[in-house]
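Sharing a structure with you now.
Residue numbering begins at 1 within each chain, and the chains themselves are lettered A, B, C, D, E and F in the order written.
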Amino acid sequence: MHKLLITGAAGGLGRMLRENLAGIYPELRLSDIAPLDPAGEGEETVTCDLGDYDAVMDLVSGCDGIVHLGGISMENSFEAILNANLRGTYHIFEAARRHGRPRILFASSNHTIGFHERTERLDGESPYRPDSLYGLSKCYGELVARYYYDKFGVESLSVRIGSCFPEPRDRRMLATWLSGNDFCRMIEVAFAAPKLGCTMLYGASANKEQWWDNGHAAFLGWTPEETAEVYRDRVEAATPTPDPNDPAVIFQGGAFAAAGHFEDE
Amino acid sequence: MHKLLITGAAGGLGRMLRENLAGIYPELRLSDIAPLDPAGEGEETVTCDLGDYDAVMDLVSGCDGIVHLGGISMENSFEAILNANLRGTYHIFEAARRHGRPRILFASSNHTIGFHERTERLDGESPYRPDSLYGLSKCYGELVARYYYDKFGVESLSVRIGSCFPEPRDRRMLATWLSGNDFCRMIEVAFAAPKLGCTMLYGASANKEQWWDNGHAAFLGWTPEETAEVYRDRVEAATPTPDPNDPAVIFQGGAFAAAGHFEDE
Amino acid sequence: MHKLLITGAAGGLGRMLRENLAGIYPELRLSDIAPLDPAGEGEETVTCDLGDYDAVMDLVSGCDGIVHLGGISMENSFEAILNANLRGTYHIFEAARRHGRPRILFASSNHTIGFHERTERLDGESPYRPDSLYGLSKCYGELVARYYYDKFGVESLSVRIGSCFPEPRDRRMLATWLSGNDFCRMIEVAFAAPKLGCTMLYGASANKEQWWDNGHAAFLGWTPEETAEVYRDRVEAATPTPDPNDPAVIFQGGAFAAAGHFEDE
Amino acid sequence: MHKLLITGAAGGLGRMLRENLAGIYPELRLSDIAPLDPAGEGEETVTCDLGDYDAVMDLVSGCDGIVHLGGISMENSFEAILNANLRGTYHIFEAARRHGRPRILFASSNHTIGFHERTERLDGESPYRPDSLYGLSKCYGELVARYYYDKFGVESLSVRIGSCFPEPRDRRMLATWLSGNDFCRMIEVAFAAPKLGCTMLYGASANKEQWWDNGHAAFLGWTPEETAEVYRDRVEAATPTPDPNDPAVIFQGGAFAAAGHFEDE
Amino acid sequence: MHKLLITGAAGGLGRMLRENLAGIYPELRLSDIAPLDPAGEGEETVTCDLGDYDAVMDLVSGCDGIVHLGGISMENSFEAILNANLRGTYHIFEAARRHGRPRILFASSNHTIGFHERTERLDGESPYRPDSLYGLSKCYGELVARYYYDKFGVESLSVRIGSCFPEPRDRRMLATWLSGNDFCRMIEVAFAAPKLGCTMLYGASANKEQWWDNGHAAFLGWTPEETAEVYRDRVEAATPTPDPNDPAVIFQGGAFAAAGHFEDE
Amino acid sequence: MHKLLITGAAGGLGRMLRENLAGIYPELRLSDIAPLDPAGEGEETVTCDLGDYDAVMDLVSGCDGIVHLGGISMENSFEAILNANLRGTYHIFEAARRHGRPRILFASSNHTIGFHERTERLDGESPYRPDSLYGLSKCYGELVARYYYDKFGVESLSVRIGSCFPEPRDRRMLATWLSGNDFCRMIEVAFAAPKLGCTMLYGASANKEQWWDNGHAAFLGWTPEETAEVYRDRVEAATPTPDPNDPAVIFQGGAFAAAGHFEDE
């Protein structure tokens, strides 16, 4: 693979990937609606609203692979999410169909299944239980991926990212944390696999507390190598004892599941 | 239940329901973006664009139940479907949340699962396999229903309607046909059930060819009473012998699954 | 089969069976701790506390089949249930082991699974969810049956009786009602089957609302022939509209699941 | 379909089909290694050893559909079964591949799953449990069908025939009986289906005792209409009470499962 | 957690836990019907018959967590097990309900599923197959736990202990052995988990031979660290070659499954 | 175990096992239809056509265990495979039945399931999908094993060998490779297990890419210790980038699934 497009490259995840994938793929095309750091060697930067059909067609043209992080990554108003996430993800897949069908790694989210209780073990057949308008938009994105594979052969990996931060910030993340290194290895694996198909992976590191089973995608050979456990003492010291009857503790989606409706009116 | 709202009341299904449900519920509020026949006794008519937030809030206010047929009911451009189906369905559920949580019967579609082969038997746990942008919008609608039940307790029945026409029009409909009477009985059952929860039903009559299993929802007590079989001879005489290697024959979605991308640019 | 033992023969179910099975099996031995009507032709009556080991050994001796209805059939104190249901059922199976291993039809209960929601469809693999101390005792009885079959070859049918009354008394019974005739046919089938093994049947008539699936036991050939539907209008007229958020409506166990702890101290 | 080949046409099943399918398909080609009644109008007769490659190629050439009953239909020596059933069935499918891929209805057998206990309910996913060398050969035939579909697109229906006789001959057949009329309707359905794929059906009539679930193939629309129940009294009067500990009663394969090794040396 | 109650503290397991948990929880309340070693610092000792309702209410009052090992831990007469295990476990859960709902770790047993064959792999959905009156009592205890969670919110972990001894004593224990350290870590995990719910864990160390799959409870983050494998040579040298047709080898319950009825009369 | 028979001992796998198992079992009886190296100490060599009934009876007599590698190990004509693999494997099991029922390790193949896509995860319940006449013969062999266990108690392990070569030869083998050491350990485990039953194992080392799940046979305690990953760089450098739309890449069976019919006429 020569040229990799990363959408949402100005965000936290995007900046991390920009740094880490630089040595792996010869050229990175970096896009965001927000300002990006100036392009270095082997880099292009593009300001792009994912809700703009023509802009996205141009953005994707000439790329050999796409890491689609772009859009809104937390709860927001329906209209904001509709534009960035529903329309945006559709545009990305449609552009891939029209421009040589590069593989797509789609940053989905644990909030697609956030209304499952954390005492449940989920796998590749667990039903959707979105916990937010944001989670709903990620369900839609995964289904767009399914549709574009079934009808047009666009291969993709949808990653239901747990919590991808430098380190776990609360007790829930002791289960959901995905280290940057583990995420980067996953990306490499997805683009190197002989066959990717239309696959979903839960994105968590080798944490002791495990809510998700990736057995269905073992053909990829991705296994996380880092663990949130090394942060346990620090996290537990800094956060209060959880209440097992708190919806944010009962449900996998945490605070997203416990929150009410996003009030934008 | 006193007042029932029917959206999409000017369409074929809507007109059929308007006629058949008149004697069952004291008041019908009928809405469409297209012109409606003048209101009769026990009827109100409302012209409403489902993509208009305020209009939908008003539309739902005061209703005790909703049959949501509105939106686009076949393949179309992404933007057209986005407005009528994604935004429209969200508005209906959000309005229900804000106005006393009436039960909603959501007209979903077999095109949510149209990329399953017709030699497969689907049930309540079968994964989505949308066959079109239209099918994708109905997946989204079902997931909106799930979200509004899990978080806000809005009860709903999503009906994956097969083919609801006066009679089967082609050989595929010998399996997918849903008679108007069977659909009306399903609506009555949904609004009368002691508990509806968030349930999905496949909408087909008691046809001999059966692709779908409603066992998971047997608690509702809905069983179809009519069958497409009585139309078999006429349909077979009028249509050519199917080719088992034709995608429209292989996949449950029929022509939707076999079609290419909707060209709107 | 020559001589059939019916325990709990003085109760409502027992009296119904006494009358209906008289013509089918040459001799009935009828037992209860409560007074029984005088023995007629082809009948023996025995007063027996099922908690009395020696008495139960005598009771079972000489019988070719057992319908075990005895014990407490509603919520009660732990100690009362312990004696009549835990000890009593153990005594019956142990007596069968020692006296020629007659087949046993064990009157279990839907309260073994009463904490499943009524929107769930249960089958032969659904886990126990007892809703009461009474339900717990019936789980125990089913497991005694399993143990005596696995280790000693005592064949039995555990029937999770829904509501076996002359007619449905409330809306829930529109789903759970088991007619007396259907129950009698089930008993005949159980004793006539070439092989009974250790089988469980849900005991409901051919009601339109169905929570339970007996497919796993189709080898028995029992199919109910009566339906609660004929009583629907009368029942609905006599009972208030159910509240879908009432635990007695949410859970299959109805009032048993909604009740607090039985207060006997 | 114009010309239908029936192999094994001199046997009991074959003669029944010859008579009943005559009015349905314009031409029948009838083959057997044993003598056949002279060809009538619309009939051809061919003497053919299914173990003879060239003969089978000729036999299949020009046919539009095949009902493959030929071979040995009960336990026999390994070598006899090897020639007639393993080699014979392979020849039939290979000939179909080479001659226009007519659909094949393959007469498989309940002895492919005869070591399941009769208290089990089998469906389309139940594993093979052959009870005899004969049963093994039918497993092989079903897998040949699978292979020729996956690789070459030859469509087929494998029917695990229970007991297809004019009427049930013993108590086991009260569960396994398949009436001739029900079998004929199944054949019609298989050749008329828009898509047949590679499907398996259990072949039993609408008997009260049911060991097998054809839900997975409901897309075919085949439902049996006759029942062994009408013969129950006569069968029970003529046969002794079964012993539930007899292997022939425990296992679905009956006497096949209970028998020792076929002694041919 | 401040004060932990350990019932059955005078037994082998109890003494091991008393020693190992001393440094972890500030106060231990130790109870048994048998004599206990004198209380040390941070310890209370209580002589208590678990069959005595009032005594158990007092015993539980003031505790923040319970490890319930008490009762009879091998086959015995029905009456002995009834008192200690059925009545005793009920009393513990009822006391927890009445006294602030401390979490309970219930020492269940592999004998709840001992009639599964050892060539089967069990998981969180495997049905009960008790192999003894003792095993039956542990099934009952697990169901009491389920009931008290569903109705009253008492959280618990039921541990189906394999063989918790200082080292494996026979070949079967090469698969079933649970090291004391692994058990202690499990207890810590159970009381520290943000949400425990009503969970079941199989209690075996990281032995090479594995009959049980704890995947369903991976959310707890318990993974055993010790293995019976280090004892293999010694065990195999000291014990005879097993006979694969011996019921004690066929069934997971070993000698419990192979034994006849406990004769106490 | 004293004397182990290895069939197919002149082939690549056979020679490897001959060398590695020499120190483990006191006596090896080595057979092949091809010439074998002269017998060393503790060895016997026998030239044997597995299609010769009498010869196989003699071959097996006196052996305490069998590793059955013999037959054709790649695609060939139906007749060649019929003799060596269908007839040959039947002869081995029949000989075992007649000569004391030694355990059999049967070298089955991944080509029994080669038409599953490599993005699927298979386990002990996955259906057969043979990709070749060779694969069909191995399905048959596994079913012979099942039959001889169910009816005659002959224990066996069927190993669906991936690719057992000194090192991986192409990219597919990075997933399917089974090291010789891992295979030898598996053999030891199979003959040492207290109970073997009739078990199937997928034969792959601890490769990162995993298509198969052996969880169902964890009771054996076999875990691979080597991995193809150490050969990845060399393999990837020596082989072209795979095309995800190539049938040899789509299906697990690789080139076997992609090949047409073996042309031998």
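One rule holds for everything that comes next: contacts are C-beta pairs under 8 Å (C-beta built on N, C-alpha and C of every residue); 3 or more make two chains touch, one makes a residue touch a chain.
Keep in mind it's a predicted model, so treat the numbers as computed, not measured.
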Under the touch definition above, the chains in contact with both subunit B and subunit D are C
What is the touch distance from subunit D to subunit E, in steps? 2
Check A-F against A-B and say which one is joined by more contacting C-beta pairs. A-B
Taking each chain's mean CA coordinate, subunit D and subunit F are separated, in whole Å, by 32
Taking the mean of the CA coordinates per chain, how far is subunit C from subunit D in Å? 41
Roughly how many whole angstrom separate the Cα centroids of subunit A and subunit D? 52
Show the residues in subunit B shared as contacts by 2 or more other chains, in ascending order. none
Touch-based graph of the chains, sorted into line, ring, star, complete or other: other
Listing of all chain pairs that touch each other, if any do: A-B, A-E, A-F, B-C, B-D, C-D, C-E, D-F, E-F
How about subunit C: which of its residues touch subunit B in the complex? 117-121, 171-172, 175, 207-211, 213, 242, 244-245, 249-250
Inside the complex, what are the residues of subunit C that reach subunit D? 124, 153, 155, 194-197, 199, 215-223
Applying the document's contact rule, which stretches of subunit C touch subunit E when the two form their complex? 78, 82, 86-87, 90, 94, 97, 115, 125, 127-133, 135-136, 139-140, 143-144, 146-147, 150-152, 257, 260-261, 265
